[in-house]
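Have a look at the structure below before the remarks.
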Amino acid sequence: MTVQEESAAAPGGTGQPLVRLTGVQKHYGNLHVLKDIELDVARGEVVVVIGPSGAGKSTLCRAINRLETIDEGDIFLDGQPLPQEGKALARLRADVGMVFQSFNLFAHKTVLENVTLGPIKVRKKSKAEADKRGKELLDRVGVGHQAGKYPAQLSGGQQQRVAIARALAMDPKVMLFDEPTSALDPEMIKEVLDVMVDLAERGMTMIVVTHEMGFARTAANRVVFMADGAIVETADPETFFTNPESDRAKDFLGKILKH
Amino acid sequence: MDVVWEHREAIALAFAYTVLLFLIAGVGSTILGTLLAGMRVGPIPVLRWAGAGYVTLVRNTPLVIVIIFFRYAAPKIDLKFNFIDVVIPTGAGDIRLNNIFAACTVGLTMYTAAFVCEALRSGINAVPLGQAEAARAVGMPFGGVMRHVVLPQAFRASIPPLANVQIALIKNTTVAGALGVAEAFVRMRGLINIDATARIPIFIAFAAIFVVLVEIISFAAHRLERRVRVA
Amino acid sequence: MRRMKLGMTAVAVLLAGSLVACGEAGEDDDGGGGTGVEGAEPLTVEAESDCDGKFEEGSRMAELAEAGEIAIGNRVDQPGLGQQDTPDSVPEGFDIDMAKLLIADLCIDPESDAVNWTEAVSEQREQFLEDGTVDLVAASYSITDERRELVGQAGPYLLTGQQVLVPIDSEVESIADLEGEEVCAAEGSTSLENIELEGAVGVPAATYGQCAEDVVNGTVPAMSTDGSILRGLAQQYEGEVKVVGPEFSEERIGIGYSPDAPEMCEWINGVITEAYDSGDWEQAFQYHLGTEDEDAPEPPALDECQA
């Protein structure tokens, strides 16, 4: 493993990057969805990924915890290459929290069970221990009083906060968010973003696909702009939003700022 | 009706065979069918093909042929069930779970499992993809994803088709009658042979008991469906 | 390796299917030898030529002779009594010869298409006579009081008793040795009831061919039904099975006719008596059921027709 020496130059922090993608390529048939992706994310860094629909942002997230396979290139987590299928891969996924656009809470489990299932079955914690930690996390995201309910009985914002608690319960090294607020009614967006900002302040390493500029400006260390499967531009949030370099980014910002 | 009453013990014994065939093949086919469904939706291509091959082969073969295979062909290639010999004494005579009963049960189980697999698979397909993804994302291996997240939800969606499979099974147990198990249908034909004047009451009595058995299964399925729907 | 096993399995399935479906065929192609005494001559039955005015006007016999067609309910899986290899062939056996004598007496050619041979398994026989599916039943049809309440039964033209068929190396000597053991017989048959009355455990099968398979495979230690049927099977599985024990039941085999045509009884009795006197009965018996060691028995006395 020569990764550790190379990673000295990781941006946005010191030491080896927590997440490293090098030369990542992916195709869906003829469609080239990830084009030669190079990305390092340092420990404690918050990276916002932004870009037009179909740019490959979700595919990028899903490749990082290997919900999607890649055709070429390497992805390293904490210096280790992503394993192939099997137990090792499952172990790796346990270290990467993922929050989906559509929440994907386990429909047949209560809110508390959603949060404790992973710790009990994967981390082999005792039920009492998992329950205690689960309740703490639910309190922290503000849905502690809903612990006994089923997901369908919760609002979208509450469900998404449960989903964040579920990911946190695994004590992940990094959290991936794929448009966590896009499916929410406007009045619920803030309650979810507040939880995410709080997380960022506590030093969680985060890769967040979002179009919420407010969040990017307050919480992000870096903005990565993707279009047509490639990373077009990387900058700090202030620079990116006020003075983007590429025409694609200018064009894109022009469109979303009009609304 | 006298014939029916006169032979009530033999009839009770015959229905005991029917119910035992049903229960053992019911449990067996549920287990085997679940494994097959797991193979068919799982990540390993060889197992996927094997599962699909099994279902295609068994589902397209008439039940009689499947049972005949275990009853008459299997012994010729030395696949025998002679080691099975359980005698359950009852007030109405012994219930004998012997090599013949075993061969018929295995045939019924393997046949029914193909249908259980497909009923479950339809249930699995009804579970949104995001459920399995979220489970994988918390680090569950394939088995855990299936056991803790997908199958519990799939079972719920599969209860109506699974109930149909089990109802078909209890009626299919009559095929074992022509192949060596003295179950209800055989006893009915025997009684008609003894006294053909009473064949209509005999027929009605047996049909009525079958209807009751099928209704019990339907009722159980209905209750189960309502209980899991709350969740 | 796995593929080979699968292939073998598939072959075995086909094999078992064909065995069970047809009983074991063969045997009858070696120059027409019967299941009885070796070298015995088969009975040839020729149709009477003149039926004008032979039967009383309005009788069922007159109607059948007039129509020139008849349907017979027969067994297809009982070598010696009634066996039929394909549905459109003319069946063979002692029951069948008795039916042929009756058919011929109506001026119908028993070997022709004018005869509709219909398989009648045990519990269908009354139904078939009542609803007119068949005109006569000649299908190892035991005469019983219950059946006579529903349909007509003339005869008996044959007395048989139930014996036991076991593997050639078996130590079983009679049904008494099989108490508590599995013994196979056709489902819905009197044989199956008798087995249970003797204290054995009845194993039902769709056909006697299946029972014989079970005995040969060692799935059951024995099967039991009329000795005549067992001897036919013993010939098919020569060297593998044997018939043992005394007869432990008496079956009186007769011809079934429609309850709406009581006039047929006297006619049937007449034709059978004629066969007794002419030697046709003995010839048919020897050809299908006879054994080298014994002479043909005396033909049984016929029951009187109820008025």
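A, B and C are the chain letters, set down in written order, and residue numbers restart from 1 in every chain.
Assume contacts are C-beta pairs under 8 Å (C-beta built on N, C-alpha and C of every residue); 3 or more make two chains touch, one makes a residue touch a chain.
What you are looking at is a predicted structure, and each value in this text was computed from that prediction instead of being measured.
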{"item": "Category of the chain touch graph - line, ring, star, complete, other", "value": "line"}
{"item": "Chain at maximum distance from chain C, centres defined as averaged CA atoms", "value": "A"}
{"item": "Core chain by centroid distance, with centroids computed from Cα atoms only", "value": "B"}
{"item": "Separation of chain A from chain B, taking each centre as the mean of its C-alpha atoms, in whole Å", "value": "47"}
{"item": "Length of the line joining the C-alpha centres of chain B and chain C, rounded to whole Å", "value": "37"}
{"item": "Whole-Å separation of chain centres (CA-atom averages), chain A against chain C", "value": "81"}
{"item": "Per-residue overlap in chain C, given as positions that touch at least 2 other chains", "value": "none"}
{"item": "Residues of chain B whose C-beta touches two or more other chains", "value": "none"}
{"item": "Chain B-facing residues of chain C, complex", "value": "8-9, 12-13, 15-17, 19-20, 122-123, 126, 146-147, 149-150, 182, 184, 187-190, 192-193, 201-206, 210, 213-214, 217-220"}
{"item": "Interfacial residue positions of chain B with respect to chain A in the complex", "value": "43, 128, 130-131, 133-141, 144, 148-149, 152-153, 156, 231"}
{"item": "Residue numbers on chain A that touch chain B, as the complex places them", "value": "65, 67, 85-87, 90-98, 100, 102, 104-108, 117-118, 121-122, 150, 163, 166-167, 170"}
{"item": "Of all residues in chain B, those that touch chain C in their complex", "value": "65, 68-69, 71-77, 80, 82, 94, 96, 98-100, 103, 177-182, 186, 189-190, 192-197, 199"}
